[in-house]
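These are the structures in question, set out in turn.
Look at the two complexes coming up: chain A is in both, with chain B in one and chain C in the other.
So, the complex of A and B:
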């Protein structure tokens, strides 16, 4: 064993490590440039006039390459420091070479993003032999910084990381934070400390860094004695409470656009909780989930709309108010859920995913077709859905609709929370773990599966109903398969089976791309990467469900060397 | 899900207990689909809205499309055979080949090679598309699927969905989101007359390519050592490993073969529709998966027949089943018919038309 470790320290292995890390970093930078992300990131400053998001990303990649080259591996417990600058230099050299290729060959006809300005961006404006040398040296330096960071004690890293992240967030979201600060006299005096008119100032960045550092250090000072069992139970609710507070306050302070974003997040949270019952608890991977959402939206539309397609127009049914239509829409979605669930009762595992995907697509194609147009409006959809009203108050603004959604989501969360701890919830979990064993234990498979679809559909139907009044109209093109996948992505990233995970997942996956508007077209790339990386690096998600966390600590799974999520 | 549940009967073969509401519902569903198909077909034929030549055109197009589905389905079936996972991204892997083929095709059509040396140009298009698909398939396997080789549950499928998104969005980001029209070859609009029926040359060419690719694949799988190893692994992975088969190499081989077939399919698909788009791989991918299941997943001849059948149903279906029922614009429902076939197969015959043993193993 010790012999092999000594072998591991041979320069050739270290050399390979450095080269691989550098090449990987360069490849990631080249990939991001080719899909056009780097050029787009350049438009968003992190620190005004000093650092753009693109530069920050490039530096972070090299920094990470340096840090990762220092991570001990089985063959090599104590990697040499010089692998980091080597990795950095290799990355710098390769990226400089790539920039040279862009400048000398016209790749534009094939790769639309590879234009000369990108090359200048990648090389930080350097050119020629001297410039390349500066670039390589700088890159080696950044990678060394990464290696240095990696070698810091864990405690120190736990302080530095949140501080750096805070600076990044305060810089990236400066427009929103500025709006919030300006809207309130209490905070207005704060703004000039941090922000100039074009973003976070360097002084501001330093202040944010220091404050975040201090805040991160607080728990270290006032630490409770380790091993206190109660700590973990109340700590679980801290992020949830914090997020709730954020959800309550930010939309009022932030103005209509932020309210709109939060409204959308709220709708996705509703849907996420629904799919969480199906997938997180019962283990039914449903890719046709959007059909339930569409059912809720369409039923609300045909019951309330002021349009020739509304039921009131051609039947004796009077035009209903939103408050009456919403429960009917939810019931309709439940019915849809059951109708949807019955045929696929016997379909399992991966086949179920494809079968539900097919069902969802059939629903969308039929709704979109001219054949169903006399009833549902075809591709033109149904227009003129009135906003909900209570007495004289109309839920006209995004802010008011957001609070409606929040109330619905809280109610739904309560239901989901109770369901999870009910007999039915335990039956679902048993079902997820092993269908045959669950059946042998006396669980009625048909009933519990159909109830999972029904409850999931109810949540989605509620979301659909609010969605219909939010946009005042329904179109089949709003109900693409992509929506099901969005919901899937957010619950996977948040942590399957975890309620607070749904909220966090929606904030990250729905809120972030909405807030960074110009990246809208890259959101699905972001989702795809999020799905892969979550599954690979933290299959339990960002905020794992407690039941799963227990399993991680004491894996009862037999046969597997590492405990893995079994969603 | 796991291979342990041998006791569960497939839903079609319910030799269990009394008839309940669910069974009645399922039978009603079956009967409804069958009734729509039969009444629609009878009504359409009685109305006589389509001539024999038109039916021939539908069938010809269906078989052409079907041969492409069959090629894509082969990729699903081989990967499923060795890994028991759905390579959800396979349709998008096909799409990457279509883009590679498109860039070569537009290159050779601009510099005139397509006109002067058509055979060379077309071989180049196919070669590049196949190489791209193989490379993407192998990279996907290495970085996204191999880490999940032994993990249970839905993690591999969720990861595969992620890969599918990444591939689509990467192509969109690199090459743009517009629809690119494929350069036309000189013989693209040519038509051969066979006994009074007009047969487009493109259709014949596509079918010829697809069928020869499938024959080559069949020979590889059944006549080479590697093919034998692959069949052994899809029978029983553990036993094959004990017999000295390198399972990793077999998996890589299966992905490479599937990628090669996807490459051929991508060029054929682009030739039929004469355009490429970053989202073009999704629908044929899902439908081809249906074709693979229809033919009995894991079975190579099954995938071929399943693909042909699906293509035929999709091309003939809207006219045959729906037109007679007085449905407006039945062609908009073409994809719905394809998905319905997929659904009916998954629900009523997950073991496929030919497979029995396979289905039991995975049920």
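So, the complex of A and C:
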């Protein structure tokens, strides 16, 4: 890399840039320490006996400060390299100073997290004048590495980033991965290569890094020559297939807790695919989506439960099996979808969000009300919903219910995939783009919109039906607004209109909080952070739909380490 | 008579935008509806398409009132609008836009043939068939909008201000295209602010002012009429 010409006219600007980046990095580190997150992260090793998550976070912050100090800005197109070590040194000095304050002043009455061990953690065990010098130098070095990374060609960064991320994930989730590796003879011989008793070994980390690097390089090697025909369709399914394989294997290997988490993810995937039809294709924002889920659950409950509230108890309708009740529940949800759609037919945009929010809440409040209590049990809910059975086999365990959900989700995915390519799917897309013109093209507005709600509701009804047998009971409190918002968030993060995006979105937004359970309340901080970062860095979602990937504005390169969505 | 508008009025709230307008469209010609900005031309067109409710009078397609018809049903009767300001599906490709125009048709073979015919009529669109339509130039977008309308195999193509916001040279092309479309057998109802050019090519024309028809007659004749000139220049 050739040294860039320093114009000489902007040294003060460069100086300020380095100081700001360093101070910002230090502030973030100090903030995370003060709230107690750093101490908590220290309990989780990334590489055993070498690197904890806390250390990794601190290093990443400095690394990013270095990288960000190198980003060209309108006033300054060619930032000088020296701003990066300056930023690193400033960050190191400030953090060392902060550690000194912790050691000399008792701040614990206010900040209970600021204890001496934290200070040692922040300074990586260094102390005194020499220690501070080492810390400052090391920090400058890390920031320089960040700057160097930022100056690498895009192609190389696209290889390094996933490789580093893979090491982080393999290290952070080592318990989880170890359980899977140990539980299966096929994998058991693999484990010692990667993991020791207390986490990912250094050799393991290297192997993971190399393998991920190779995997990331594969598409580059096998890239089709430019201009060779259209985009191959099978390649779009590769991520979906990979995720499917993961979904198939992990729950058996991981045991009941993991199966339970995946079952929940599966239910959200079902709902996500439903909302994706409404919002992703037809452009109908729906914040009352949980109402359809609740409808499916309650219909399943009153048709199958062994309870005084079941229809079988006070009418001539016999108690049905789950397999008969499920289609009825789906139909009921469809009906609810249509009823739901009629009043909001003419409502658009922000108003639609508020109107559907209201409708969703109405459903929950009606179910909770005393008026409906004789039928639906009010706040006490409906209990004793039996598990589904086939012959002698009962879907009693989370693992078996997960496979039931997976089968349902696969079927639903197939339906969604077909719908997207159908006449109706095209009508939805046209409606989303321009309602008036769509009608002028001969599209029946009322019918298409109601069908969007109906199909969306069907998916949610199916999820609700399985949810009812999963928890054996239904309560109005299970069907909060938050659920609608979660579903919305996961399809936006995954990429609106993209099927594999729904799966990945659910995996990240539903799975991540579970995986981070030991961080207590902080896990929602990560949830929020993940949301903000995705929207900031990949506004089209993690796996954008091919239609959306063609964007009108040229992508602006953001951040140092982001694989910008390919055009 | 394909399309007959009799004594039609329409209002936005208390404001009457169109008063007692009557327009007759017989098979085969170009009918122009000209007038200044705000004269009620686009409202008339949207009423024909069923996108705006009328407050009085009748609109008849083949002698049948459209009062009970929804917009998509009017389209299926062969009255197809190319909306003002192009309004193409900006995130879809050129080809997808064209196919969207054939939404109410089921004859896949003929749709493919029509698409190829559109690419003959507009060779630029063939070059850009896979391009996202929103990235095209104004003139090209007008081509997409027109071709999309033609894909429905309309009997009457309602064109709302096709020359709006286009460079003079491109406007010439647009008018040439309209004549070519008409020569191929599609009746055209052309709404234009660019009155003189529209009148030149119109078999019959109506001049609108403040929501009313103030003049009608053969196009070229009106183009020389001093009252038209006074409306536009005086």
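Convention: the second predicted complex is superposed on the first by the 432 of 567 C-alpha atoms of A that agree within 3 Å, B and C clash if a C-alpha of one lies under 4 Å from a C-alpha of the other, contacts with A are read in each partner's own complex, and residues count from 1 in each chain.
Convention: a contact is a pair of C-beta atoms (placed from the backbone, for glycine too) under 8 Å apart; a residue touches a chain by one contact, two chains touch by 3 or more.
It should be emphasised that the depicted structure is a prediction, and the values quoted were computed from it without experimental measurement.
In the superposed pair of complexes, A:423 makes contact with chain C only, with no contact to chain B.
Of the two partner chains, chain C is the only one that A:445 touches; chain B does not reach it. Shared-chain residue A:436: touches chain B and chain C both. By the touch criterion defined above, A:328 reaches neither chain B nor chain C. When the two structures are aligned on the shared chain, A:250 is found in touch with neither chain B nor chain C. Taking chain A as the reference chain, the count of touched residues is higher for B when chain B and chain C are set side by side.
With both structures placed on the common chain, the touch criterion links A:342 to chain B but leaves chain C unconnected. When both complexes are aligned on chain A by C-alpha atoms, chain A residues 436, 446 touch chain B in the first and chain C in the second. The touching residues of chain A, counted against chain C in their complex, run 423, 426-427, 429-430, 433-434, 436-437, 439-446, 547-548, 550, 552.
Chain contact summary for the complex, chain C toward chain A: residues 49-51, 70-72, 75-76, 80-81, 83, 87-93, 99-101, 103-104, 132, 134-135, 148, 152. Interface of chain B with chain A (complex): residues 1, 5, 7-8, 10-11, 22, 25-26, 29, 85-86, 103, 144, 147-148, 150-155, 157-159, 161-170, 172-177, 286, 289-290, 293, 322, 327-330, 332-333, 335-336, 339-340, 342-343, 346-347, 350, 363.
Those residues of chain A lying in contact with chain B across their complex are 31, 34-37, 110-113, 279, 283, 285, 342-351, 353-355, 357-359, 361-362, 365-366, 368-371, 373, 435-436, 446, 485, 488-489, 492, 521-522, 524-525, 527-532, 535-536, 539, 560, 564-567.
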